[in-house]
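In structure tokens below, several structures.
Shared between the two complexes below is subunit A, which pairs with subunit B and subunit C, respectively.
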Partner chain A sequence: MKWLAIAAATIGLLLVPVLFGDRFVFVFIQMLTASLFALAFNLLWRHTRLLSFGHAAHFGAGMFATIHLMRLAEANVLAVPLPLIPLGGALAACLLGVVAGYFATVRTGTYFAMITLAVAELIYALGSQWEALFGGEAGLSSMRLPWAGWTFATTGEVYYIVLGWVVPAAAALYFVGLTPLGRLAFAIGDDETRVRFLGYNAHRAKTMVFALSAFHAGLAGGLLALVNENVNYGAFGGTVSASVVLHTFIGGSGVFLGPVIGAAGLTLLGALLSDVTRLWLLYVGAAFVLMMLYSPEGLAALFIANLRLWRELPWPSLVRLNLLGGLAVLAFVCTTVFVVELAARALTEGASATAVVLFGTTWSLSSPVTWAIPIALALAGHVALKAAIRQRRRLEDAVA
Partner chain B sequence: MTSAVISLQGIAKCFGSLEVIRHLDLDVLEGERHALIGPNGAGKSTLVGMISGLIPLSAGAIFLNGRRIDGLAPERINRLGLGRSFQITRIFPRLSAQENLRIGVMARHGIRYSLFRPATAYSAVAREVEALLAKVRLDGRAGVVAGELSYSEQRALELGMALASEPKVLLLDEPTAGMSRDEADHVVDLIRTIAIGRTVLIVEHDMDVVFSLCDRVTVLAYGELIASGPAAEIRRNARVQEAYLGTEHVA
Partner chain C sequence: MDFFVVSLLNGLSYGLLLFMVSAGLTLVFGMMGVLNFAHSSFYMLGAYFGYSVGRLTGFWPALIVAPLGIAFLGALIERYLLRPVHRHGHAHELLVTFGLVFIIDELVKLLYGNYPLKNPMPVELSFSAFRLFGLDYPFYRVFIALVAIVMFGAILALSRFTRVGLIVRAAVRRPHMVEALGHNVPMVFLGVFAGGAALAGLAGVVAGVFYPTGPSMAQELGVIVFVVVVVGGLGSLEGAFVASLLIGIFSSFAVGVNWTLADAFALVGVAGADLWGGAFTVKLSTVAGAIPFVLMFLVLLLRPAGLLGERQ
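Here is the complex of A and B:
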């Protein structure tokens, strides 16, 4: 069953450029790189319990190193096949990871998070000043050179480079979790002092895990740079660091593939909805808050718990649970859309905004009814969700 | 003549103006089971922390087999042959009992930070982990996540982890804390087995455990050593009875 799923996913991923047009293939590339980035971030969090608020530093380092290498190749200084160039980005990020990780992992918890945040902000500030290295506001550009009969002119061809790196890199990250260092990282996340009294240098182990995480984050960045053929210092920005945190936690940090669900899912939704709303980040933020409030384990954990119930119980007994859960999600989605869109309109357009068209109806901004509806929806969602949680607990007790 | 395995020479610890340990000398001899007792706040846990490298000294020196160890990091002291357990259970709750011990055993086999094979692929480590599981009587619970073990099982696992690095010297900080009589008896039995061929320093509150298990006893009160000697002698010592045991307890 497991292998069947893996085979189906592999075939599906291989067929993407055949089945979809360029615009969508590009979305898939973004989904893949965001997934690898989130997996790299979660290597650090899930195992070692180190929460990095500045992982954009490594993602961006990978992007810039890749662009620089591409420019060198373009200037005939360097003869490296294009598909191998992102590896250079990964190595540069790894180097930065060794240095930043060495200092950051002296501390844990909040202090660690603050150091990573500071490092990323420092590089961001440098990015806007140091034109020679980061290209200023416009950033740096390059182009993909052909190699071995491949022109890499189409998004489809580049997609295969990305896929060819992301899948093995994800597998490598999974494997790391099984190795002595990976198990040690788990132990450090649980009790660092204990680890030291078993004869381990915990700081060294944490630095190594940090560097590995930075390597994969840099690879993800390098691949995106290869696709975009352009990068500017915004790659080091806070939104990049924040998005990987949101992706990981919405997807579920406790399960290996959880971050992939979050990163791929949110990237896809963002691309699909970019024509409909300009406020996508607000939606992601709202989803994060709701997730942390009601199901802090994330989507993957919810999915696994539900799957277990489906396996153990006859399906009619699960109808009620899934109906309640579905209703709650629907109510929360509607509430969020309502509040975000109406509030944004009211705030940006001020007094000139009088009515908004939403869900096929015109809503007056001054009418109390318009604002009462999201409140009622939120309450209904809350009640339905609480009922669903109660029902789930009952069913889980029945299974146990 | 038996030599001192742990030797504390004139050590002191101050937290601000508070003197927790006052100029203390103590030798723990090779092969003995040595108990450290004293009322709450006597400085027992501080002393264990100082020996194992967790708490820096304010003065004095600590020797392990003649080698000075104060100022070394805990992992260095561990590699010199000192293992310890903790008063509050310190295990890895997300890993299985087996994996908890594997972390301990791996270090001794020199595979600390390896990335090339799964941790389960080292057969010499696996064999030792199995033997260790049997030793602390957890062989039936190998695959259970440590966070889900019962309290006494967790304490047994804690002992197993202290043993995993095959230390010549074991520091046990209140191994029976919070246990029922039966559970404590079980752990005492366990300590008796694992103490063979080792030097053990035990901090313990339970006097029955102390006198049934240990050859020598050292009594601390307010950071000072008030008596140290064979268990039977300590039982009779008037100063100890007054300061700690309570006259009626021994009578």
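Here is the complex of A and C:
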């Protein structure tokens, strides 16, 4: 069953350039690199409970190293097949990871988070000034050179390079968890003092996990650089570090594929909705905080809880539960989006605004209909939520 | 000489502003073990609240009302967002405050626009304190410093010489014991969090009329404030004070110094390093932003608990 799902997903991913146009293939590329980045980030958190707020340092290092290698290839200094170049980015990031990780993993918890944050900020500060290495505001550009009959001129061809790296890299990250190093990392996350007492070198293990995480983050960055053919120091910026945190925890940090759900889902939604709303980050932030409050293990945990019930309960009752829950969430999301977007448009129009255009319709701010809609939606959501909670309690009693 | 004195004065006033923001952060960390990512967002909100209240009532009432508003907001956040996730551990509390940063940032942009506001200094404070090397030194910088020093004194006095301070300090050390003695420890936590938020808000009101009030205020100060509390020792108020001054003065001097690594090499007798290019010709003034981080690494390597922090 599990392998069947994986095979289906792989075939689906292989067919993407056949089924979609260039614009969408590019979105898929971003989804894949964001997923790999989030998986790399979560290697640190899920295993060793180390929360990095500066993973953009490694992502950006991968990007810059890749662009530099591409430029060398372009200048005929280096003869490396194009598909292999991102590996150079990954190695550069790994090197940075060894150094940064060695110092950062001396500490855990808040101190660790602060050190990683500071490393990224430091590199960002240098990146904006050091033109020779980072290219200043304009950044560095290069071109993909053809190799072995492939021109890599279309997004579709590049997509296969990205896919060809991301899937094995993700698999490697999964299998890291099964190696002795991975088991040790889990133990360190549980109780580091005890691990040290048993005679293991916890610091070395943490540095190695950090370097592995940096390697894969750099690979993700390198692949994106290969696609964009351009990178500037913004790659080290706080938004990049922040997005991987948001992706991972909304998707679910406790399950291996959780970060992929968050990264792919949010990247896709962001690409689809960024033209529609200016407030995308507000919604993501709100979703993140709500997720931390009500389901700290993210979306993936909700799926898993559902799967468990699925095995033990007759499916019609479960379908009803999910429908009710889904309706409640949908109603609340619609209410929030409606009110927030209405307010945003009214505020940009200024104090004299009497009507705003939203979803292709003109809404009068003084009309009762305009305000009745969100109130009705919120009420409907409330009723559905109450019903869902009652249903869930009944089902849990039935299982117990 | 004039460069030295002016840099020193500016550094002191900037450092004291940093202290105003980091004081609340380090207090809350010392108490709850939570590093509040949204703390500099409270600072930004303080500036905006101060602006809105100030337009209605003038600067002085805003100096009181806006921090109270931020304190109320902080209390709500502690009660309804942080307390529920407390059982999941510190990392999740940290993450909640991290998410709040985005919400506050976007709401500020939504309500006030994505550009700096015209937030003029009150007339009664915009005069020259003294003339220095032919230049007028603004009194407002002195005012910022005065507010910060009064604040430092007030917090120290409150925690050392009052009963409230005694209970708070005890609750940091032995929360269960304090609870057993009949004190409402969750309420103490709430109070400290709200108080910390109010301090950031106060700093925001004071700084908002001098530095630009804009949606990037929080981001500009955010990481530096973390550096200050780590360098000073997480949870140590005195440490935050020393670290703020250090970082304020360092950054203020670095902006005006055009030394490069090559000059440093020349100083020890290696001439011609500037021909190597790259990192050797980057001027110190252009990487002034990186200096606090370098300081932080040094402190963490040489004295992991921070300048005045307690050893764990």
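Operating definition for what follows: the second predicted complex is superposed on the first by the 341 of 400 C-alpha atoms of A that agree within 3 Å, B and C clash if a C-alpha of one lies under 4 Å from a C-alpha of the other, contacts with A are read in each partner's own complex, and residues count from 1 in each chain.
The working rule: a contact is a pair of C-beta atoms (placed from the backbone, for glycine too) under 8 Å apart; a residue touches a chain by one contact, two chains touch by 3 or more.
Because the structure is predicted, anything quoted here is derived from the model rather than measured.
Taken together in the superposed arrangement on subunit A, subunit B and subunit C fit without clashing.
In the superposition on chain A, no contact is made by A:Phe20 with either subunit B or subunit C. Within the superposed three-chain model, A:Phe103 lies in touch with subunit C and out of touch with subunit B [touch as defined at top]. With both structures placed on the common chain, the touch criterion links A:Leu51 to subunit C but leaves subunit B unconnected.
In the superposition on chain A, A:Arg196 makes contact with subunit B only, not with subunit C. Judged by the touch definition given at the top, the superposed model places A:Leu122 against subunit C, while subunit B stays out of reach.
In the superposed model, A:Leu282 makes contact with subunit C only, not with subunit B. Put simply, more of the residues of subunit A are touched by C, taking subunit B and subunit C as the two choices. Between subunit B and subunit C the least C-alpha distance in the superposed model amounts to 11 Å. Overlap of the subunit B and subunit C interfaces on subunit A: none, as no residue is touched by both. Residues of subunit B that touch subunit A in their complex: 52, 54, 73-75, 78-79, 83-84, 86, 90-95, 99-100, 102-104, 106-108, 111-120, 122, 161, 164-165.
The part of subunit A that touches subunit B in the complex is made up of residues 175-176, 178-184, 186-187, 189-191, 193-202, 204-205, 208.
Across the complex, subunit C is touched by residues 49, 51, 53, 103, 106-107, 109-111, 113-115, 117-119, 121-122, 125-126, 129-130, 132-133, 238, 242, 245-246, 249, 279, 281-282, 284-286, 288-289, 292-293, 296, 340, 343-344, 347 of subunit A. Partner subunit A is touched in their complex by these residues of subunit C: 29, 33, 35, 81, 84-85, 88, 90-92, 94-96, 98-103, 105-107, 110-111, 219, 223, 226-227, 230, 234, 277-279, 282, 286-287, 289-290, 293-294, 296-297, 300-301, 304.
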